Amino acid sequence: MKLIMAIIKPFKLDEVREALTPLGVQGLTVSEVKGFGRQKGQTEIYRGAEYVVNFLPKVKIEVAVNDDLADRVVEAIQTAARTGKIGDGKIFVTDIQQAFRIRTGESNAEAL
Amino acid sequence: MSNRLKSILSGVGPALGLTLLATAAWAEEAAAPAAAAAPVTLDTGATAWMLTSTALVLLMTIPGLALFYAGMVRKKNLLGTMMQSFAITALVTVLWVVIGYSLAFTGEGAFIGGLDRFLLNGMEKGALALPNPIPESVFMMFQMTFAIITPALITGAFADRMKFSSMLVFMTLWLVVVYCPIAHWVWATDEKGAAIGFLGKMGVLDFAGGTVVHINAGIAGLVACLVLGPRKGYGTDNMAPHNLSLSVIGASLLWVGWFGFNAGSAVAADGRAGMAMAVTQIATGAAALSWMFAEWILRKKPSVLGIISGAVAGLVAITPASGFVDPKGALAIGLVAGVLCYWGATSLKHILKYDDSLDVFGVHCLGGIAGAILTGVFAVEKIGGTAGLLEGNSGQVMTQIYGVAITLVYTAVVSFILLKLIDLTIGLRVTAEEEREGLDLALHGETVH
Amino acid sequence: MSNRLKSILSGVGPALGLTLLATAAWAEEAAAPAAAAAPVTLDTGATAWMLTSTALVLLMTIPGLALFYAGMVRKKNLLGTMMQSFAITALVTVLWVVIGYSLAFTGEGAFIGGLDRFLLNGMEKGALALPNPIPESVFMMFQMTFAIITPALITGAFADRMKFSSMLVFMTLWLVVVYCPIAHWVWATDEKGAAIGFLGKMGVLDFAGGTVVHINAGIAGLVACLVLGPRKGYGTDNMAPHNLSLSVIGASLLWVGWFGFNAGSAVAADGRAGMAMAVTQIATGAAALSWMFAEWILRKKPSVLGIISGAVAGLVAITPASGFVDPKGALAIGLVAGVLCYWGATSLKHILKYDDSLDVFGVHCLGGIAGAILTGVFAVEKIGGTAGLLEGNSGQVMTQIYGVAITLVYTAVVSFILLKLIDLTIGLRVTAEEEREGLDLALHGETVH
Amino acid sequence: MSNRLKSILSGVGPALGLTLLATAAWAEEAAAPAAAAAPVTLDTGATAWMLTSTALVLLMTIPGLALFYAGMVRKKNLLGTMMQSFAITALVTVLWVVIGYSLAFTGEGAFIGGLDRFLLNGMEKGALALPNPIPESVFMMFQMTFAIITPALITGAFADRMKFSSMLVFMTLWLVVVYCPIAHWVWATDEKGAAIGFLGKMGVLDFAGGTVVHINAGIAGLVACLVLGPRKGYGTDNMAPHNLSLSVIGASLLWVGWFGFNAGSAVAADGRAGMAMAVTQIATGAAALSWMFAEWILRKKPSVLGIISGAVAGLVAITPASGFVDPKGALAIGLVAGVLCYWGATSLKHILKYDDSLDVFGVHCLGGIAGAILTGVFAVEKIGGTAGLLEGNSGQVMTQIYGVAITLVYTAVVSFILLKLIDLTIGLRVTAEEEREGLDLALHGETVH
Amino acid sequence: MKLIMAIIKPFKLDEVREALTPLGVQGLTVSEVKGFGRQKGQTEIYRGAEYVVNFLPKVKIEVAVNDDLADRVVEAIQTAARTGKIGDGKIFVTDIQQAFRIRTGESNAEAL
Amino acid sequence: MKLIMAIIKPFKLDEVREALTPLGVQGLTVSEVKGFGRQKGQTEIYRGAEYVVNFLPKVKIEVAVNDDLADRVVEAIQTAARTGKIGDGKIFVTDIQQAFRIRTGESNAEAL
């Protein structure tokens, strides 16, 4: 199994989720994160003091899938999350050794 | 900084002595006689308005100022910042009753009041606060709310880094040796309304506290932030206000409450109160716009912090003038105050490199000075009984400057001494660790979750 | 939408002309003579209450309305939303002093006031606002707070998407060409209290601004949201209010401040003011409950947004009626207003598919219309001097409807023209990118952290 | 807990019967004759202050109390907590108009009022609320705000776990069978100011509601939290206040609004009102400091929750005393109240193990009892017409204790019966699932995002 | 070493933490996340506009353990976090190559 | 490629970010987390009720890098985040199989 971690622009979240459902992805987990990268942040000025906001709001999606689904999921995310402008984000794929569904105790493929 | 401070203060000692002497002489000549014919009786309308005004001015400090300041600090200091205003409210209430009111408003002395009203001794239920047609208890309460907000204003200058215990000690001493005397100098009158204090006698105009409240708090704040030194990380860390919506609520309550501050200072429900309210509103609106447009032009965006700061600058500047000028004068004062305080809070501070965290000096002291001097320019005889420069009374501007200078010097010197004393004994500043952790948890054991 | 709009507006031009003509004739006959015998002298009690009322009505806009609206938008627009109310407060303050008050409350014209009080020229400290026993400065200030809240109300309709600069331009023009004339039509009187404006002469009853403030703002809001178009993502994205606790604070302050609005409109501290306060409270309580129960029955849960919206609906509906009806009438008006505005904000809007973001039309315009018409039904002669339908005066309802219609038509047409003009010149709407980023950062360079 | 409850309540039934009998006899002798000579006419100053006071007391509940409580609960219950205060405001408004005011303030009966003012029948615009020089509509409104805050105070005791529907039913019944009678017992007077209710006749002093409001709400709260049982997870889960900055705003608005509560209870704008305002401020400042220092000494840190709780304790304790004591008495009352309520909220509660979530009993009931009894100690004849223990009137303390005891017993018994009835019919408590999910989402379908 | 990532219902956090201590787990890291899965969200209604809240509040626990402890940790989490109702959450297990304690510079087993 | 996950004290974030830039790290992702470990939390007291705050605020940094850079990144984080006091935090290193830049579709080394 693979854990696919995607860092995307926040307003793309709904589109990405909708792109994954037809592939059979039944669940995913989302966190609010701050990203630092090539995209430069806004400057905020408060009574003459400037603060460059280095960290921009991003959303991190984590979704565990079977190996056979991984490529299609990556592709779907890429398509749905792309705006073509700097700061669109990244996707990282790692292996998972085991997965469990807490409610039933099912494991691995059945757990996803 | 220590050096800069020294050079600023070196000339002060002699100046202080001289001005006090000079003043005493001058005061005698300038004393303004007050008219009083029929016996004054209770005016329930005036009393109703003064009861209301007292509530309005208390509203300015809690929750007004508490929110205005709390929204501008970092989240870890939110509660500690509100705590300062709240605790000062409780503290000054008791101090005022024990001794403050008596020192400020009783006695015959030109420099300090007496102890007749120690613990409010002899304040009868029915007695009036002559020459005003309202009960003395109401007058005492109204003045208490001024004594509360003045030290609370100072806290903005040393936000995020002063020990709570030392803050309480400093404010206790400061109230007694700085606020009460200055209030006496400017505002104490006899039963016929004739000035008793030496600045009042001299003819210094300060309708609602430009000098007594704002210049006073502003210069004390500057001294305090110089003595304490800047916040850790000042100039490098991100110290952006964490929640300006709190500051907008605070500024709004300050604005609304200021009607009690200025129109209440008429101690009447009449045309003078009405005019004071009108000019307060006008100067505030004008200053909010002038700060906003100045920033819009220079920084490309009109900020929320900018417009609310402008409003406060306007409120400060019109305070001394509010019972003396007409709407056109108010418009001028507001426009000047907005731009001047914008410069004070965004340029002057950076040039001089002190960390007056929430711009108590830039807004309250500069705004107060502008207002005090412009009162001398725009005063209209028909409104407040005294003409200003524009009506040909050129001396008034000098009198105003004199009042400002005395206050600046006296407060700076005495505040400096008090702070140094406290620093040497119990210490002024939290530890570096506490400062990093934030006042909420370190000093009060609480956080906003 | 453009088509729908056109069809709505196509009949308006001629209608406007005709009604104005018809009206002028009618007005002459209907003029109500006002009694005035002994010379009016300053009433310090009334003055105290009017000073207080002025503070209360200002409190309604800042921070009341600012919070009510800010709690309902998405977090990224929180500061921008508060900024609108705050900036309008400053802007209208200056406009009112320069020209607004003069246009609305001076002169002899049935359609527009004069320039006698340009820059408040000639407003003396001691002069009364005849026939009222209070200083003119106080009357001017009290009326200013109404002129402030009316444009601020409109901003709810186009929340999250209008350029700040264009908003300022629109509000400047709107105040002068819409608000001031309508206030004059309804409220301007001579020194004896006889109506001057054509709607007042005709006998239209509007105690505290159902027509001048709420219908007026509500219809302008509807036009504005139609011209601007819906928010990006309206109907698909989650636009849930981000922090209704702010809206509860706002609604509470609106409620409290409304005592100044309605009871203050008595311009006296007497039984009429008392009754106006009582009916205000009763209608508000009733409307809060009726909206809550309607929602509870239809949607299974009584929501916080529901009950506070109901309270505001009740406050709006009782506004025109507050000096004219008795407690039972108030109960009826409140119950109707709660249910009607619930329907307006939850059904009508979805049927007609406009994006009136914070329901300015559904609550203020519908509530205002209901209140204006029901004033004609429930008016009690003993209270306000005019009988309503229930006391046999069947004509009053028609008069009320006439006043409503004139206002709807005039404001819709003129607001539409102003908005289109601005759209064609400097543009009304922020860019899609700015809208997505949020007004706080895009327009003001600040965020809530 | 059920057992503890039973043992507490077992002696109450007989006691109740006896005390009522005993009282009726006593009352006849003790009736205080009231002076009234010249016909009372409208005092516009007094009316202005009472209109203002009404606004101030409403401000105490919404948003004051709503915020004070909301800041102390967990985030998931924030809106539900505010909703309780807001809905009670609307509900009691209507109940008061329909029947509450009539039951409390009309008629001749020593135990309950009449139905003369059912639906406010016969309340004329111009008629005064004799012996007070203000319109009856204003008096009715002022008293309404007290009837609103009293049930709202109770909600703090059962925060986070009561069904909204049952809460509405309970408050409806409680207002009619508990609040209205007790208000009648203590406050109802005839047109000359002579007491009608049996506690008033007996000479029980309760200037602004120590007994009627605070003891009453406090004991009802204790009974309610015992009947409902503790919150799920009480004692193990982290139930720390989620945002004390809201509570600071709330406490500040309570403080400011309390000027209307206490000084408004003079129903005049005179020296007694002024003195009532002064002692209110003094006791509050003193109690805030005494709680803060007690905590600082015992727990090492002065907390924000501590100082604001102390302020509220002081406000509560001075309430019954406010028109009777002088500044020194107020200082003493404040100092005692701060320490006593600190003990009540931090020790007593843990000893007795009830979950009075927001310390309604510990602060309002204990503070109210202390204030009621100390009124008997510190009353000054020159101020309120009645001497206290210190001036040699030893009987007054017993009279005060008697009034307290009657209220405690009556309210405890009746509240217990009402709650049990509701529990057996529609149920009092939300389900465990709803409690875990939080009231906001479970009951109202909304969240703070 | 293994990194065990568990997504659970928020109110189960304290129970899970307490279940891990007896196993010798000395530290863990927690984040607030939003979960999307079979469990359906609440509907919120604001003045007639309905918003289905697709994402439900969950808590993510990350705990790094030695290989030998991994199974027992997974089991303990499963037991402590289970309510038997839909939405109880998932556990994913991945390999970690290295671990360090910043304070001391210790690595791997000693670092945990 | 490696994913380096570091849990550090919040006020060290800027120093860590600045320490990574010279190594050629072009991006990273940050989340606010709560940590439980040997470091003991503050006690908060509310009207006599004590709450020990078991979970302390920490910041989690996730940075994906090429294998050759991993050691130097770990070292840089360790140096910059260390205060020497308890609670300084941990660093965990896992393998990533794939990485993508959403904007361009680039993958692996080019994507970082």
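Letters A, B, C, D, E and F mark the chains as written, and numbering starts fresh at 1 in each.
The definition used in the following text is that a contact is a pair of C-beta atoms (placed from the backbone, for glycine too) under 8 Å apart; a residue touches a chain by one contact, two chains touch by 3 or more.
All values derive from a computational prediction rather than experimental measurement.
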What is the set of chains touching both subunit A and subunit F?
B, E
Kindly list the shared contact partners of subunit A and subunit E, in label order.
C, F
How many hops, at fewest, get you from subunit C to subunit D via touching chains?
1
Copy-to-copy rotation for subunit E and subunit F - C-alpha atoms, rounded to a multiple of 5°:
120
Between subunit D and subunit B, distance of the C-alpha-averaged centres to the nearest whole Å:
36
If you average the CA atoms of subunit C and of subunit E, how far apart do the two points sit, in angstrom?
53
By the touch rule stated above, which residues of subunit A touch at least two different other chains?
31, 44-46, 94-95
In subunit C, which residues are in touch with two or more of the other chains?
43-46, 48-49, 52, 240-241, 269, 299, 301, 303, 305, 445-446
Interchain contacts (touch definition) - all pairs:
A-B, A-C, A-E, A-F, B-C, B-D, B-F, C-D, C-E, D-E, D-F, E-F
Contacts from subunit B onto subunit C in the complex sit at residues 43-46, 48-49, 52, 56, 75, 240-245, 248-249, 251-253, 255-257, 259-260, 263, 268-275, 277-278, 281-282, 284-286, 288-289, 292, 299, 301-305, 307-308, 310-311, 326-328, 331, 382-383
Of subunit B, residues touching subunit D in the complex:
42-49, 51-52, 54-55, 58-59, 62-63, 66-67, 70, 78-80, 82-83, 86-87, 89-94, 97, 119-120, 123-127, 134-138, 140-141, 144, 164, 246, 269, 440, 443-446, 448-449
Under the definition above, what is the set of subunit A residues touching subunit C in their complex?
11, 14, 42-46
As the complex stands, subunit B meets subunit A at residues 72, 238-241, 299, 301, 303, 305-306, 309, 345-347, 349-350, 359
Complex contact set, residues of subunit A against subunit F
2, 6-8, 31-38, 54-55, 58, 60, 74, 77-78, 81-95
